[in-house]
Every structure is written in structure tokens, then in C-alpha cells.
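Quick notes on the structure that follows.
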């Protein structure tokens, strides 16, 4: 039962990550490989506030969201000028720089040693600790975030974002401020990623930079590629499939060391097969042509 | 009343003067055709007016306001609308969505209203939908409202694009070869619509190669060659100008 | 002063290694316009293949090296045939090829991890013999790296600008369709590009392996450095990649000299960001190519 709770908690975290990345990739049409950087920045901002300054969860969460959204400007503003392949490279550059900073700026982040002793979130005498409570808490947070993201996607904002994805020039000729929309989309996605980061930090009670690498960014991106982009079902299915799949391997009795590699091989394979045979993913709306 | 004024506009691409010291005015409510051989600079002039390109020298004045340095979306907000030669509908979105995107000043586009008070837009969205359907009826596409734009025929796409630009409350309409590439079956329908556009008192500037269309629609013709204007006037005057005839229609007897 | 010069020298030699990878990467990328991330997989794979032949099986260098280069070439060609060509047939964009490439890299590296473990391995036991000159020091592998680079670069440039093959390669970069229409066997050329590009990559992997050893993760960082070198040197200019690589190698050393080893990798990405923002055509590139290159 505990195992089941753990899986659901991880799925919840990754649903928030994949739905928010979908805003950039599926709705905005911009392929970005730096979402783990936002995930990590959110986790670290909140963690440092809670561990070093004794803040409680909610205020730390708020600052983490706003801080990550603001920091997203570092990548979103310059990348306005970059097209296609160059944009992807730029996002990879940002991701790598963030990781290098998290790993080497040991005075601030304690680098590879990580930060432990992260307090469990507590609200009015209710401490969220233990798997059952975390199950409920993470599912609630996931639903709240998903609700906001769905509102965004179905609103005129979402519609205009899609139009920019479809034809930037035409959208501009209709009066849409392209740079502003792109910057807002990045900031929103970054903010949600920060929420996921805070959930992760509060649940694991320990974070270190190795959870926020480029491979993690690719992992989140592959949820959208495999599950599908542009709508809600796609990223959600992608998150569920990619979290559950490696666990199934465990049931096949594979030793843990090999299982880690096999999981990666399977998802690399899944990426290749889906791109080749079904570029809109399992349940997606939008094909990367 | 002067609506648009180009003053000594020049644009150079790698040594070639695409638009060379171009000066021309457009009155409000006037329908002007720009004709000329390929490479004359017609599309470049359009791009400059629409804000896709900035002129190297010279000014563009719209309602006495300089458009220099303004972004495309700012220019669109002033009421200058453009129909592209390659249509450029939002392919994967339905025709209706294409139109609804076009409405200006949508408060629902802000993050606050989208995320936190999503239901506030419901009433306005309903109005937009009704307005969109009316526009679609005007161009005869009301049955295709829920069709993805990419599934329409080229002629239908042009009609949809016209409906879309009308949704923006456009005051100066730039039509880039509206009749090009349209098969004969759609031709008359499209011509009727374009005629209605020009009849409704909007200021229209269009680039066109089909001289019959030009004769039918234009009140005034501007003839361009190698980036310069070599003739301006009524259709009578310009089309009978020997230089124009020679350059455009050919020297054959 | 000596420390500075030594660091500079080491940086230059590192740059030579990056340059070998970058030349191969640029060859493939410029002609096919695909961001061949799987190049990192070829690099890692070649390193371990060589390790198997040389260290585990004790084959002599004269056999191990050509075998590895050959296998790398075959792998590169196979990747193109299995992954990229089918996508091109469907008119998929290079974005999808790039993502597939990434997927394949993940597969290759993890297969290697399964068979060889995650730890780094040394190829040559004991210290390498060194040569001293004027207060500076280089080990034999570093000298080999330098020599290899000079030879490769010379052959590369001569071929590119003085042979028929070179003309065809440059034409392929500019307009592959036109090339095919002109009766050139574009497929053969493509096999050549992937084969040679991958062999160059393997060469770099072998040399680095002999110098400092191997581990499963070297491929990605080297390839990203090569990609950055290509952009910094100038997209569309083959030799630009070598120039960019040398520059990055030297800059990395300067970072070590001024700051510390920890910030070395940051240099690559700062160079990337700076060039993307300030001079996207790179050092040697011509402006305007960006519009042709960019996707979307």
C-alpha cells in the first residue's frame, strides 16, 4: 500500500511538470529542454527559505513560484530571437548553467552534498508527513495546478498561444504581442514547475542537484512526446506511463542496478518509436512536424 | 482626408533597391491597386506599411502618426490589416477559432482573467461567437465553422482569411494578390466579397496582376517598376499610358 | 607564469580533441542539417569498443585503432539509415531527428552501462611518459593528439577546397536537392559523411581515453562542446568548428587559471549564450545564414 502511495505521489509531481511544460511545448510550439532547471530552482529557493531562514511551507512556496517565474526571464527574453534548433540549444545551455551553478556554488546550495532536513509542510497543526497524508496532499495540489492550467488552455490566452504556435507572423499581423505571450508562457510554466519542486522537496525532505539534470529535462519532455502534446490527456498519460513503466520492471524481478538502465533504454526506445510512428504521441493533439 | 502617406521610403536588400525613394499618398475610403511587373517592389512596399520591414530611409505616416519603429502588432492595433498571398490561417484551429482569435483587445488574454476568473469572459466569448458566425455568413462559410482550417480549399481559405481580417475592425486593408491561385469556380464568389469590402467605405490597397479585377475594383492605380512609381492615376489614365502598356502588357503588336 | 602557459597548452590540446569531434559533427550537421546528438553515443560507444579491444583483449594499437574507427563508421551510417532517413522520407522536420537522436543516445549509453558498469576506467596502466620542453610538459598522448589534429585538419581543408569531393560536400551543405538533381549520388555522399564524421569522433574518443580514461557520460559533454564550437566557429563553415573548439579549449583553461576547475564547463555554455545572442553567425560565418538554418 505504501508503495502504491509513493507511485501516485510521484505521478502527481510529474503531471504538474508535464502539463506545465506542455504550455511551452504543446501550446506554444517551443521545444524547450530546460524544465528541470525550473523544477530545481523552485525546489532550492523554497528549501533554502525553509531550512536556512525557518520559513513555513506556504510563504516559501509563494516566493519559490514568483522567484522561479522571474528567473525564467533569463532564458525567455534572450530566446525570443532564437529560432527552432537554436532555441533548443539555448534552453540546453540554460539548463546546464543552472545545474553547474547548483552543483558548484557550494556556499549557497551545498553542492553535491545536497540539503537535508527539509521540514514537512504543516498547516494549522496538521503536519503533512507519512505516505497517506502525502498521497492526499499531493493529489490535491496536483488537481489545483491542473485546474489552473486547464483554465489557461481553454481561455482566450490559450487560444492566442495556439495561434502563435500555428503562425507567428499571422498572429502578429492580427495584433498579438508575440514576445509578451512567450514570456508569460515561460513564466507560468516555470511557476508551476516550482510547485512541483516544492512538493518534491517537502516529500523527499532532501534535495541535491542530481535530481535536476538535463536528463531529467529530457525525461519530462519525453512525457509530452510519448503521451502527446497540445491537450490535457497527452501529458497526463505521458507522466503516468513514464513513472509506472520502470516500476513494472521491478516486478519482473530485474536487479535494481540493471533496472535503472533498462528503464532508460525503454524510454529512449519509446521516444524513437513514437516519433517515427506517431509524432503526436499516444493521445496528443499537436504533431511536431 | 489623407490616411496613409509614404515619404521618400527606400529599402535596400544586399545592394538592390527594392523600394527606391517612394512617395505616395492614400485617401481615406479610396480603393487603390498597385500593379507592376515582378520584382517591382510591390510586396516590399506592403511589408513596410504593415510593419514587417522597417524602411532604410523615409517615413510612413498613418493618420499623421509615424509608423517608424512600431512592431507589427502595434501597427495592427492601429487598424492596418493585411491579407497574405499565402493566406496564413491557423491551420490546426477551426475556422471559428481563427476568427475568434482575431478580435482585438480581448481581456481574456491576460493571465489574471484566464487563470483566476475564467468565467468572466463567458458573456463576451458568446458575443464573439455570434459576431464570428455573422462574418462567416457574409463570406458564405457558415457551414465550415467547426472545420479545421487546413481542410478548406484554397479559395475557401481566402474567404476565411477575409472574414478573419474583418473581425479585427480593420480600417486600412492591405490585400496581397487576393485573386491569385483561386480556381475559376471560386473566382466569382471571391470577387464579389472583395468588391463588398471595397464598397463598404474602407480604405483598401491591393496588389494584383489580373488587370480585369483591377479595372473592376480600383478607383486609382499606382504602377511600380524597379522600386519606383512610374504612373499614378485613374484606371483609364494608367492602363492607357504607353509606358505602362509596354512594361506590363508587352511590346507585341 | 609557467603554470599559466602549461594550462594554456593543456587547454589548447583539449581544444584539439574537441576540434576532432567538432569537425565530424559539423560535417554531418552542415550537410544534413540534422543535430546529430547520437554523435555523443558514437563517441561513448567507440571509447568502450576501443577499451575492449586494447585493454581487455590486449590487441595492439595498430589493430585496435582501425577496427574501432571502422566500427564507429558503421555505427554512424547505421544510425542514419535506421533513424534519420525514414524520418526524412516522411518529411519530418529536423527537430524530430534531433529528438530521436537524443533517444538513441540514451539507449546507447545505458547499454554500455549495463555491460561495463558506471565507473570510469583507465585504459593504460601507470603513468604515460612525458616530454619536457622549456619548462612545459606534455605526455605522449597529448603530442599524438596535437599531431593527429594537425594532420586531420590539413587533410580536411585540402579535401574541402581542392578536390571534387570537397565541392560536392560544400554543394550538399548549400542545397542537397539541387545536388541530387545534378546527378551526384547524394546517398553515397551521405554514407561518406556519416562514416567519416563518426570515425573522427571515434579517433577523439580513443585519444582521450588513452589520455585520461573513459566513463559512460563523456560523450554528451564533448558533443555539446562540439555543437557550441560549431556555432561559435560559424554555422555552415566546416573549418569554423575547429576554430571554435580550439577557442573553447583555451577559454576553459583560462577559467581554471582564474577561477577553479569547477567552473570549467560553465565556459562552454557562456560561450554558447554569448554567440547565440551577439553573433549567431559565429566567428567565420556570414550573416543571413541563420534564417536558412533555423527551423520552425
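Letters A, B and C mark the chains as written, and numbering starts fresh at 1 in each.
Criterion: a contact is a pair of C-beta atoms (placed from the backbone, for glycine too) under 8 Å apart; a residue touches a chain by one contact, two chains touch by 3 or more.
The model shown is predicted, which means the values in this text are computed figures rather than measured ones.
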Chain nearest the overall C-alpha centroid of the shown protein atoms: A
Per Cα centroids, the chain farthest from subunit C: B
Centre distance in Å when subunit A and subunit C are each reduced to the mean of their C-alpha atoms: 31
Between subunit B and subunit A, distance of the C-alpha-averaged centres to the nearest whole Å: 42
Inter-chain centre distance, subunit B versus subunit C - centres from mean C-alpha coordinates, in Å: 49
Touching residues (chain side subunit A, partner subunit C) in the complex: 29, 31, 78, 81-90, 92-94, 96-97, 100-101, 103-104, 214-215, 218, 221-222, 225, 258, 261-262, 264-265, 267-272, 275-276, 279, 288-289
Residue numbers on subunit C that touch subunit A, as the complex places them: 35, 83, 86-87, 91-96, 98-100, 102-107, 109-111, 113-114, 220, 224, 227-228, 231, 262-263, 265-266, 268-270, 272-273, 276-277, 280, 290, 293-296
Complex contacts: residues of subunit A adjacent to subunit B: 148, 151-152, 154-160, 162-163, 166-167, 169-178, 184, 188, 285-286
Subunit A partner contacts - residues on subunit B that touch it in the complex: 50, 52, 71-73, 76-77, 81-82, 84, 88-93, 97-98, 100-102, 104, 106, 108-111, 113-115, 118, 121, 125, 164-165, 168
